[in-house]
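Chain nomenclature is as follows: A, B, C, D, E and F, assigned in order of appearance, with residue numbering initiated at 1 for each chain independently.
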Amino acid sequence: MIDFALDEFLEATLREDLGRAGDLTTNAIVPSDRIATAAIVARSALTVSGLAAAGRTFVLLDPTVTVDFRAHDGDTVAAGTVLATVSGSARTLLTAERTALNVLGRLCGVATATHRYVDAIAGTSATIVDTRKTTPGMRALEKAAVRHGGGKNHRFGLDDAILIKDNHVAIAGGIAPAIAAARAHAGHLVKIEIEVDTLAQLDEALAARADIILLDNFAPSDLATAVARTGSAALLEASGGVTLATVRAIAETGVDLISVGALTHSAPSADVALDIAD
Amino acid sequence: MIDFALDEFLEATLREDLGRAGDLTTNAIVPSDRIATAAIVARSALTVSGLAAAGRTFVLLDPTVTVDFRAHDGDTVAAGTVLATVSGSARTLLTAERTALNVLGRLCGVATATHRYVDAIAGTSATIVDTRKTTPGMRALEKAAVRHGGGKNHRFGLDDAILIKDNHVAIAGGIAPAIAAARAHAGHLVKIEIEVDTLAQLDEALAARADIILLDNFAPSDLATAVARTGSAALLEASGGVTLATVRAIAETGVDLISVGALTHSAPSADVALDIAD
Amino acid sequence: MIDFALDEFLEATLREDLGRAGDLTTNAIVPSDRIATAAIVARSALTVSGLAAAGRTFVLLDPTVTVDFRAHDGDTVAAGTVLATVSGSARTLLTAERTALNVLGRLCGVATATHRYVDAIAGTSATIVDTRKTTPGMRALEKAAVRHGGGKNHRFGLDDAILIKDNHVAIAGGIAPAIAAARAHAGHLVKIEIEVDTLAQLDEALAARADIILLDNFAPSDLATAVARTGSAALLEASGGVTLATVRAIAETGVDLISVGALTHSAPSADVALDIAD
Amino acid sequence: MIDFALDEFLEATLREDLGRAGDLTTNAIVPSDRIATAAIVARSALTVSGLAAAGRTFVLLDPTVTVDFRAHDGDTVAAGTVLATVSGSARTLLTAERTALNVLGRLCGVATATHRYVDAIAGTSATIVDTRKTTPGMRALEKAAVRHGGGKNHRFGLDDAILIKDNHVAIAGGIAPAIAAARAHAGHLVKIEIEVDTLAQLDEALAARADIILLDNFAPSDLATAVARTGSAALLEASGGVTLATVRAIAETGVDLISVGALTHSAPSADVALDIAD
Amino acid sequence: MIDFALDEFLEATLREDLGRAGDLTTNAIVPSDRIATAAIVARSALTVSGLAAAGRTFVLLDPTVTVDFRAHDGDTVAAGTVLATVSGSARTLLTAERTALNVLGRLCGVATATHRYVDAIAGTSATIVDTRKTTPGMRALEKAAVRHGGGKNHRFGLDDAILIKDNHVAIAGGIAPAIAAARAHAGHLVKIEIEVDTLAQLDEALAARADIILLDNFAPSDLATAVARTGSAALLEASGGVTLATVRAIAETGVDLISVGALTHSAPSADVALDIAD
Amino acid sequence: MIDFALDEFLEATLREDLGRAGDLTTNAIVPSDRIATAAIVARSALTVSGLAAAGRTFVLLDPTVTVDFRAHDGDTVAAGTVLATVSGSARTLLTAERTALNVLGRLCGVATATHRYVDAIAGTSATIVDTRKTTPGMRALEKAAVRHGGGKNHRFGLDDAILIKDNHVAIAGGIAPAIAAARAHAGHLVKIEIEVDTLAQLDEALAARADIILLDNFAPSDLATAVARTGSAALLEASGGVTLATVRAIAETGVDLISVGALTHSAPSADVALDIAD
């Protein structure tokens, strides 16, 4: 199945690099009939994401190129692993190289960061989820990378769930009226989540029967209290400044979800490269 | 002057977040005639970039919003600094908040990282430059962020200079024929840069009169040798795995340019927030 | 707040009518400086939807036009009601007339049809909801029209909830495995609905703890049985060939939701017109 | 030949349904390598239109899908007729189903309604034509559906003929000056039609040598008078509130054209379905 | 009234010139708050077209710019005439200059060439018309330029009239069947024109009652014969290699229309400039 | 390799001609299964450019068409030369004919004009270069045509070099400060060119070490003086009103570059045609 949004993104990204006049260097130096094969290689250990997109980059630019995938999105691989080989016009390989690697490196970076957080809470009942703090234009890709890393996705956008934040509560005049307003507007498929800052607010949110309650910057002990107090009445999400150093303690409090903005806004790109063989 | 590309980017980013149905939460809870003022705040020390873009995000979504800039792209500010205030419909402020902050945080991240590298080589004759390892769709914005951080820009794309890499040299059959082919194709405005791996290759590149020579992964001592050998015959660019820890030693060799991919591919987002006052 | 999607839709619709050469008739006959005022009038009783969009059509084509709204989306009005007046260049009024009315008539048609269904079940606990059987390109507008008519919205698309249909069940090998697969993939914000054809399947769906169960083409007596058997364990949606003649009996069975495809795929356009005063 | 406008429309329509995250249900439940065949079936008697577009929907989303057409646009078929079969990835069939059917149902609806009007005037010399009261974004498709139903097309837009309406006449100061202004501006390929409300105006229009005269809301007796008075001096179009009940009497007056807005603004969707076989 | 197509064209043209990084020279040298006034000047005698478009170029790039028009599309002016003045940011004036002039120069070139042909046949009954041999992307603008020069427009595209050429006749098996097929498909608003190469074919076309007959590469004497033979039965268009040297003789044969491809495919740009005053 | 920009341009150009309803004539007359072969022929001697684009026009509209190239961009051919043959659906050949020829004719026109200038200066050391006075939307294609004609390219846009014109100098307060400002802003890959009107300004520009100096409207004797005075310190470009009659004398002064706006803004289209064989 064609992923129209992916193709549109990749074409725009290729064109951003090609500019008006195309790859001056390659067109000057590489014969148009030169054929080559290249390996997409993980230079460091990483969790793969965006490999299909990287391969598609070459094919979109040149349908005569073929890609042989040696790994798949979601795999965790060692440094030196060949993720795919790409064969076809040497010009295409060189021209698309940077675009394909920029996409792949960023998405592997997200998946790899996620994987570390997921590993860190192994054995607990918590789930690592992402946020809307994503790279502009790459939300769907980065949310897939989070899944490839073993996490789950929070909202894709402002329109696919209700998440009542402190500013909304302030304007609504309290947690109860905020949830009431939300429920009056929402269709039957829309879940209602609300952010709370204190255990007292948690009680209000429970009384108003929120589906999910976001515990913002709660200390682990307060998280544990919240878990005990909530039981199965709602899902609990811990959020706020979560790091690899703190995530396990948070997970062990029994919260259902731990959201980590850094998965998408601050994960360094993974080190991937294209090695061209003659 | 309208920046068409910026507006297109911001509209696409807003729409990515708005989805089909818009901001369910805000539309349910916040009265349409509610007016508010919000401050865009630096939560940590940072170098500003993207502030104009962040302000534009609100105005593009709602031309009745006004933005009062308290800082400007290129400023380095302390944690807690108010960068701008935004006034208008409370719905607009809440709906555009995440998009504006995602753009601003990322660009401040790039500028701040650049600023650290620039600081680290203060007093040397070297210049920090970026690479094409940028976020897809954000190249022009990120290259501006590098300038805001005190760096300079390398190529914007494949079409605005010739940069002959190892694969091109291999296909051309050597440095001399590669540069000759490039010169035969390039217009009079196009500079020719070539990547070399050894001092022997440097000599070839100098003989072929390259405008700029990229010294890939040279040890500092070899960089110094290259500088001595080149004189003013070409610009020299050091590249490859440059870090904050190594950059000063590199700069002190006397190279003209030091390119750092991490400025754009791995800078963490800066911590920026929107504080809404009643 | 600008509705980017609406503006894009209206511009495309205007351009579909303008073609390459624009309004030949008006440009030939109406002086460019002629000013006029026109009334948008409901020719028959109707529930209003799309009025803001209709007004925006004129302003988008010509920012010097002003619109004075006399009614609002969601109002139910008598035949002859002036919904808005539009003042400005006579050329603009004549050129945009058909586009504005085509949009308005269709959306008022959807709202009016919805209003009739909502009226027909007044006093019951059921809610009228729409389907994805919408006009291509107009889903968000038509779903708003359903809300203006007093209904609620079902899914906006394939990505904002899980709705397991008979073909999915067949491929999954039963209701339980289908729901299990859905739950394994879905994030915590995604509700799971499943379509069942028999009371036996209802029991399976309840056992698998679906959030919502769609009762496809159930007789009213079976609907009542389903309601009794389900209690508050899930929401129940009646669907399939619902008409104004049958909807009240269905609602009185106690189901929560009644989905009606005809609201959007077969509602006739409402009769609206533009009366130009000299 | 590729129909660029059709492909653009279908891709936009598919993307409207797919949203950011795609078909959650199908991706969760249906294996990516599952192959299936489905039949596109007419659930009620109808005149076919949009079948090529419906088939194209699947192929555009997934070029590996094959479509076997059993009927063609323009055919009138009985309930139960298989219009086409579609074979390929089960995921594709399920994901594209609603989009394809929404397009097909609406266009068959237009063609079927047109066919009824055409049938109703069989044996007369009149032709059924459409109007510009079409679905936004679907004008060319709906006008093709009118042809598939046996009708002919009126203007495709404001730029492909002159149609002087009452407001134009009022501004021009009469029928003669309106036609004179039109003729002065129009190229030699542009026909001039004018709307008249009375037989007196008809005489003016004939004196000014309009190519076509639209008789707006004329009683049948006045239509007959108009036909007698006009002879072959112009084409006569009857318009205004035409229904299946009244169309034959209108046609029997001898008018050349009968325009029916309801063909496109109020035809209910035809009942079409996709039956998936294992 | 906004001309959406014009704005889209101008924005694309500006962006073609701005590239990724904008006007490097102006941004480096001209202070952002520098205000200036510039005159758009005709360097040679010309007929104006595209002046509104040229002015719009500046305003589109920068809504704070004001344009004072001193001439209008359709005027014929002497060398040295100031066509408009533009005031605002000096950066805007310099950045938009080339785009505005490229558009204006080309369209004035078309209008000026047309004006010469129109002048050359003054006093005859013939009309100069254009062809579809226009600049890609500029058809509507160039056809307006032809009108500004005193000519009239032939078809805007393949869809707004029938023009049967020799290849169509060959495939149809003759003039009569070609016209019959065209008439069977065309709506009542579509005129039918046919190209003929001989007087014998003219007779066939007249017998088949074509609306317009294109006489391809007829000698003037044959044109005169054709005029005599046709009377008022059809419009006659002379076409093929018409030059300023030959056009009057052709017009004097009494043909109705003379089509000249060179108006749009080969008119040199008119010499226009932007003079910036301090 | 796909040229995305070319495909986008060709699709837009085809759609400009197809309008809403497509090729009325061909669809009415030519059977959909009729196959034909056509030759693209040079009707006059010309230098080829745009041939690949012309062939692509047919394939883009209809992927089942095949093109057999008999010549290539850059060839100079005699009148009557078959440049390519195109085989496939007769409808496709007729529908795409005008678009393909409009593109080809214009680009061959540019290449042919360039070739004449290049020929005129054969044996000198000067190079013919283009300007930014190109057809809106066709800059990259026309700049390729200049290369096909034997010329070289000047700037592709405002962002790929610095070119300081008289207005910039005036605002900067002289040549030295203008170049200093440019150098402070430009990256290391950007060359700096400056326009001078006098030999005194040339001296200033040389003192400020401009990379290239544009000598605007210099008499040949002054050009020769400038060449002597400059030596190898900078490249010299002669510009301003260059014609075929004057270009050789200019070249013989020893300037490096001669820029000719007329190559792109005023070259008449070359005469190319499509001959369809049965």
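What we mean here is this: contacts are C-beta pairs under 8 Å (C-beta built on N, C-alpha and C of every residue); 3 or more make two chains touch, one makes a residue touch a chain.
Just so we're clear, the structure is a prediction, and the values are computed from it rather than from any experiment.
Chemist: If we look at subunit A and subunit E, which chains touch each of them?
Modeler: Looking at subunit E and subunit A together, the chains touching each of them are B, C, D, F.
Chemist: Would you indicate which option in A-E, B-F or B-C repeats the interface seen between D-E, with over half of the contact pairs matching by residue number?
Modeler: More than half of the contact pairs of D-E reappear in B-F.
Chemist: So using the touch definition from the top, which pair is joined by more C-beta contacts, C-D or A-C?
Modeler: Most contacts of the two pairs: C-D.
Chemist: From the centre of subunit A, which chain's CA centre is farthest?
Modeler: It is E.
Chemist: At the place where copies subunit A and subunit B touch, is the share of residue numbers found on both sides over half (same) or under half (different)?
Modeler: Same, since over half the interface numbering is common to both chains.
Chemist: Approximately how many whole Å separate the CA-defined centres of subunit E and subunit F?
Modeler: Here the centre of subunit F sits 22 Å away from the centre of subunit E.
Chemist: Just how far, in Å, is the C-alpha centre of subunit E from the one of subunit C?
Modeler: 45
Chemist: Quick one: subunit B and subunit D, Cα centre-to-centre, how many Å?
Modeler: 52
Chemist: Which subunit B residues sit where two or more other chains touch them?
Modeler: 16, 18-22, 95, 139, 153, 156-157, 159-161
Chemist: Going by the contact rule set out above, which residues of subunit E touch subunit B in the complex?
Modeler: These residues of subunit E touch subunit B: 11, 14-15, 18-22, 60-63, 89, 91-92, 95.
Chemist: Which of the residues in subunit F come into contact with subunit E in the complex?
Modeler: 9, 12-13, 16-31, 34, 90, 94-95, 98-99, 101-103, 105-106, 109, 132-139, 156-165, 167-168, 170-172, 178, 181-182, 184-186, 190, 262, 265-266, 268-269, 276, 278
Chemist: Could you pull out which subunit B residues touch subunit E in their complex?
Modeler: Residues 1-5, 139-140, 143, 153, 156-157.
Chemist: Please output the residues of subunit F touching subunit C within their complex, sorted ascending.
Modeler: 16, 19-20
Chemist: Across the complex, what residues on subunit A touch subunit C?
Modeler: Listed in rising order, the residues are 127, 129, 152-156, 159-161, 187-189, 191, 193, 212, 235, 256-257.
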